[in-house]
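Going by the order they are written in, the chains are A, B, C, D and E; count residues from 1 in each one.
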């Protein structure tokens, strides 16, 4: 029992999806219990897979290279094309399994409270289940096509969940935007996958890696292919320039944002690049692209997070920024750091989202200008939110601190000073906007009294996941240390979970960590001093540098640019093509041809004048012509 | 009915005028031919041929060119008689006879009746159609083409053989009996057609009543 | 001893029966008061004559004999004899009501149809130019008169005048051409002409080409080949509807039979001299007929132009004449006749009721008269060469045969033309199915004979369309006889 | 001796003149006359060929006699129809007969 | 598949024809009898087509299976030995197409029970159409093949012009005339092939193995390809498709876009690839070019359409463009993909038209901007629509992806740039479909549509069958791929 059954991980939730989607309304409570029970089972199964991977069932031998390849022929054409379904489990996979199953379970439990009384309640749970299935399928995929299938499936789930409140036009638009934007990346991904197949003849990831490492690819070709592949990752993980969909995706229910748009789906890109990193390692140009795109995204998103007023949007920018951190790590060649940060980020970011959901649930408001002073009314939410915020800000000893430290270390050692400094500054910005968020939400005078008046702590079923996640946010970083893992009984320590190639214990780098921590603390202090819970300050910031503020609020005008590009260029082109089709192909070509024939008939029929001499003349001319032509010919 | 024919008031005039015109036109030709005959350029049959040909062609031209419809009809008579002469030259007395009888005795009278019944004599001048130039062009081209073909060809024999009326009769009433019978049917049909169309329509009552009885 | 007595007149029995019936009809009509005969008897008399003639003709199947070197009685003749007799039967059955209403001279009408049929048969049987010519004139004269038979309609007289005057010109052209051929080949007998050409006695020179051009022009007039077709639409429109049908059926088939006999026989050795002329006429005919038909609003005129177009297909087969093409052409003619008659019988039935010759007069027929509308639709689709119906199969074989003779381009032109034709046929179908009938249109019952006739024709169309084999074999036998 | 070509020449002229008449004249009766001219040309041709080339068969002469007969019949038939035209339109001009067209 | 199964293939032709004949005998007032008869016959057709599909043995070396021939005419006129036979038999491609036809005919029948105007006539014509389609797929005689091919076009004019909507006369006439005009080229091709082969038989198997000079093949392959391609919506001869589909009644749109357009591509394979392989190889890049242009062009045009059916029509042009891309790759993967696409697009577009029809029958409006929030009023309808749309935009797990994937791979194998453009087209497809969803299905519901009712049960059943097929092919495509690939690998000259 264990890795061989990895395929069950997606199978259980997808079966539940089918059951609940089709028959949910005939079940008590629309079947939410079924989904949660199934999810719990999946968590257990995931744990079994992880333990199996850790060699738990094989004595105490440390066997990190353990993998499982289970294949099922899906489509095949002669000897040229074989598409199998296969599962593959390695250290990256188990991290993902852990993150996905745990966060999903927490979010589902939380949703029981949050979504209580909503229309399409059962459908919501069915979709969550479907999403989890797709995500799990994605992480256990052994080949790229299966991964692509799951990749699109999570996109679909995301689309449906963002558009869950589809009666709101904005939700429908956001869903559309998310799908189309990621779809643009997916075009790249699919092209990349097919390009890899074209050169290697296989979709199996491990075979491609082996081939790449043995130099089986042309380098330029491989670079191009990997860049296409990365386009897919960038789309899904909201990296510049495809980041625009994620903030809008907050139109979905908040637990969904926590699960999909913070913890799991958006890290699929990170997962993909991490999975393919051995290949990236052979083409460093592509890896550098990953690094700098990540860096740019991290910085840009952090600055946008400074001015956003919607809690969820701030968190969304933060997510984009943190994903940038992970890509920087990958670009620096450190799978360890990236996956570690992915791991910790999943917990504290979903915590923050769920916390904001709790706030929204209580007040019905989600703009910080309308909040404030909730600390006393919602203590559990407040405390857990604070924990999450500090983790995000990267303050020791919370989870975020450890993983961010690893990334900064990787950045310094691989990327050089410029990367390090920029990244550290971004980390400081993170601390700054986190401070702003916490302060404006929970402290200071309430700015909307009616909302404040009937604000209340959320029910137990919602606070329980908050507490669990808060706990994880605290300890998740620490478990990386060998000793902790061994204490828990894991052979070799839990930290080995995130090792891909060589056994490498986490090291603490006091100099780097110290510098970054100092910067973050400074930022927190500055934030405390500046905002102190007063909303007017926000307005003052606007007055201080209106152009800059406006640029940040308008997200560097990227959305405008895209909108214009779509409206002017794409729709303009479509207009031209439609015009050509209507006027030239259709009216001139087809109708015109038909009319031309009809017109010929109309002209010709007037030859038939009705007069006998004319008729006779026609006959005479006929004869004379025949005779003359004949004479001329002979 | 007879009173409506162009007789006799115009008849003499037409005959005299026609004769004069024909005489004036034919005189030079006659002269030329006589000279040619005298110097033995042409034989006697040729002399006759050209004379007859002149009458035929002249009459035909008169038929299609004369503005007066009555004159045109009379020119036709000249042509048809000329054609009978051609038959004689070719040694076919029977055909010449038939030509004179059928045309002279039948067709021309019929045509004159036609002229009379359509009151053509009230307004004897007919105009030609507007496509006269085309007609002339087509006529010339056609004549040219046919003549070219006639002279280009190498015809099997060049001797005019004597024909026997008896052989002709045996062929006609022996081998070609069936076509001959068909011709009879055909004439009957023509008669029916002429009768049906030419007779003045009665009031459209009698027959229909009978038909529905 | 008169040699005429030696001939086996029994060979001409069907024609004698038809002609005798014609005489009987005329006689019965003329003396109907004396004998108390109703005019309603006349069509049945004609039908009886035609049926007997057709049955008698069948007994000649498989034989191949000459009548006085002028006429042949072989399978080819038999094929057309039966076909013409059948057309006569169908036409009389389908139109006797119409004749009662619109034609004054009923006796003459049926007599002319019978005599025209005799002419048509002789055209297909002739093996000598004079006979062929006389046969053509027998058919033509009958039709000149028949076209003029709707005395109440000014158009009828006009049509007849055009037909007869231009027919005279065409006859003159044809005769001039024949005279040149006679001069070149030295004989009017097909066999001797063929002998003269193939043995090289006759020279291929301008006179021959000119003669061929004139013959093609003259016959082209009878067949309504462009540009000698000009009389066709006018005569079709002016004529009583059954005569229009006859013009487009028997008259067409007869001239094609004659063309096959002449161009497939005596003139075959001179094929290089005339092939391009016929091809040119075929192309022109297909193009003009179908293009002008696009712009018609009168059903008779539409069908006239359509039948001109159809002549183009047949001329195309004459261009590529061979045993295979001929058999395909004969099959096509059989299919065409069934189809065309179906169309005409329905048009006659409808016109008989509504008196409307416009295409819009068919408005809503699908509701008032579903069966007739179905037959008409099937007929029009078949004319356009749509599948499941005779038109598709017969055209397919015809065009394939022509293509196989090396005239692929001509086949393609023909397919294009028949595609164009679909458009105007659809215009009629559109009126029937898409629009409701006029408010005052009543539901009426067509006569039993009309229903039986149309039903039979529909069955024939579908039969030939789906299982042309038997008919094809008959056609093949006939064509084989022609080239034996 | 008269060469055959002379007769053909005469016939060609007659035929062309007749055709001209058909095309140029407006009176139906004159058109009929022109047709008669054309048919006469045909007869000359046929008789000439028969006399020169086919003295035993004489088919051409038989043909000619049929042509003459048919020409006569045609005149009779056509005149009847011309009379009808005249009765219906008060003219024998063929231009009047143009109701049927296009 | 045994020889006796040939009788079943014949049954596929005779079932609809027989039903049409039987229907003629039923009085048009007996609605229930008409419905019972059509229900029975549509189920029978479906059952037989499923059986035929499943019993095609792809492991066998026999390419054509279930071959049975009945002599029709021989040794007469132009025909020689075995001149024309009624010869049935299928290969893997035809097997898939037969199944497609069975599915769509059944669904089309069900949704047509709503029709009240001259129901009987409608079904008669519809079944003649179905007979033509089934027949074309199973015939192995060129004469009958073409006869039935044309039969499938024959009833189209009346079906659209009598029972259609918006500009129906124009659409009907245009569709009919363009398709028949295109047949001119097929006629020409058939005449030329028959003459060139000189066998005196229309037996396709004999014609496949005949020798044709390369120059002949190069000359006539485009003739066949353009002729058949027009029915397949080949750019730039596609313009009958949007107008015709927009005008046609639901079931006819379904059958036409779903199956009839496939006849065109099928014709290219049968007459083009199988008879003239060297010509096909020579011209494959041309086909590919036209295909990719059509794919992009159709997708971009669809972006600007506001009429739902016009949009779907242009979408069909785009998707059929993929089919031609697949054929043009001239390798086994691409061609397999294009046959898969024929199936996938057939089912998906039929579902589209079914759903559009279900709505249009109530609203009599198809302008996308006029609608919003329809999912509230008609959730089941919207759900099916989304499934069809997602299949259309190539979402993995649905039929469209499987097909497109093979085409992409094939295209990348041959011409990577074309492959890239093809993948890009999928993104454009997503754009116009999602725009439409966001506009029409989601957002506030417009009160004007509050009277709209959910689909009827026959419509739901039909949608379920079609959606089921979409999922089946999307999740487990092996049954199709095995059969199709077995045949495609056998095509002469096709690269692996």
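In the analysis below, contacts are C-beta pairs under 8 Å (C-beta built on N, C-alpha and C of every residue); 3 or more make two chains touch, one makes a residue touch a chain.
Note that this is a predicted model, so its numbers are computed, not measured.
Engineer: Taking contact as defined at the start, I'd like the list of chains shared as neighbours by chain A and chain C.
Structural biologist: Both chain A and chain C are touched by B, D, E, going by the contact rule given at the top.
Engineer: Compare the CA centroid of chain D with every other chain's and tell me the farthest one.
Structural biologist: A
Engineer: Which chains are joined by the largest number of contacting C-beta pairs?
Structural biologist: If you count contacting C-beta pairs, the leading pair is B-D.
Engineer: Kindly work out which chain lies most centrally, taking the average of its C-alpha atoms as its position.
Structural biologist: It is chain E that sits nearest the middle.
Engineer: Farthest from chain B by Cα centre, which chain is it? Let me know.
Structural biologist: Comparing chain centres, A lies farthest from chain B.
Engineer: Would you mind pulling out the distance in Å between where the CA atoms of chain D average out and where those of chain E do?
Structural biologist: One centre to the other, that is 64 Å.
Engineer: Between chain C and chain E, what distance separates the C-alpha centroids? Give it in angstrom.
Structural biologist: It comes to 42 Å between the two C-alpha centres.
Engineer: Could you state the distance in Å from the CA-based centre of chain B to that of chain D?
Structural biologist: Each chain's C-alpha centroid was found; their separation is 8 Å.
Engineer: Could you work out how far the Cα centre of chain A sits from that of chain D, in whole Å?
Structural biologist: Whole-Å distance between the two chain centres: 96.
Engineer: What parts of chain B, by residue number, touch at least two of the other chains?
Structural biologist: Expected reply: 129, 131, 134-135, 138, 142, 145-146, 148, 150, 155-156, 176, 179, 183, 186, 189-190, 193, 196-197.
Engineer: Could you check chain D for residues that touch two or more other chains and list them?
Structural biologist: 15, 18-19, 22-26, 28, 31-32, 53, 57, 59, 62, 66, 70, 73-74, 77, 81-82, 84, 94-95, 97-102
Engineer: Mark out which residues of chain C touch at least two other chains, giving numbers and ranges.
Structural biologist: 130, 134, 137, 141, 144-145, 148, 157, 160-162, 165, 169, 173, 180, 183, 186, 206, 209-210, 233-234, 295, 423
Engineer: Once the touch criterion is applied, which pairs of chains come out as touching?
Structural biologist: After working through each pair, the chains in contact turn out to be A-B, A-C, A-D, A-E, B-C, B-D, C-D, C-E.
Engineer: Residue numbers of chain C touching chain E in their complex, please.
Structural biologist: These residues of chain C touch chain E: 324, 327-328, 331, 377, 381, 386-388, 392-393, 396-397, 399-401, 403-404, 408, 411-412, 415-416, 419, 422-423, 426, 429-430, 433-434, 467-469, 472-473, 475-476, 479.
Engineer: Of all residues in chain D, which touch chain C in the complex?
Structural biologist: 15, 18-19, 22, 28, 31-32, 35, 38-39, 41-42, 45-46, 49, 53-54, 57, 59-60, 62-63, 66-67, 70, 73-74, 77-78, 81-82, 84-85, 88-89, 94, 97-102
Engineer: Given the complex with chain D, which residues does chain A contribute to the contact?
Structural biologist: 605-606, 608-613, 616-617, 620
Engineer: State the interface residues of chain A toward chain B in the complex, per the touch definition above.
Structural biologist: Residue positions touching the partner: 611, 613-614, 617, 620-621, 623-624, 627-628, 631.
Engineer: Which residues, counting only chain B, touch chain C once they are in their complex?
Structural biologist: Touching chain C from chain B are residues 145-146, 148-150, 152-156, 170, 173-179, 182-183, 185-186, 189-190, 192-193, 196-197, 201, 204, 207-208, 210-213.
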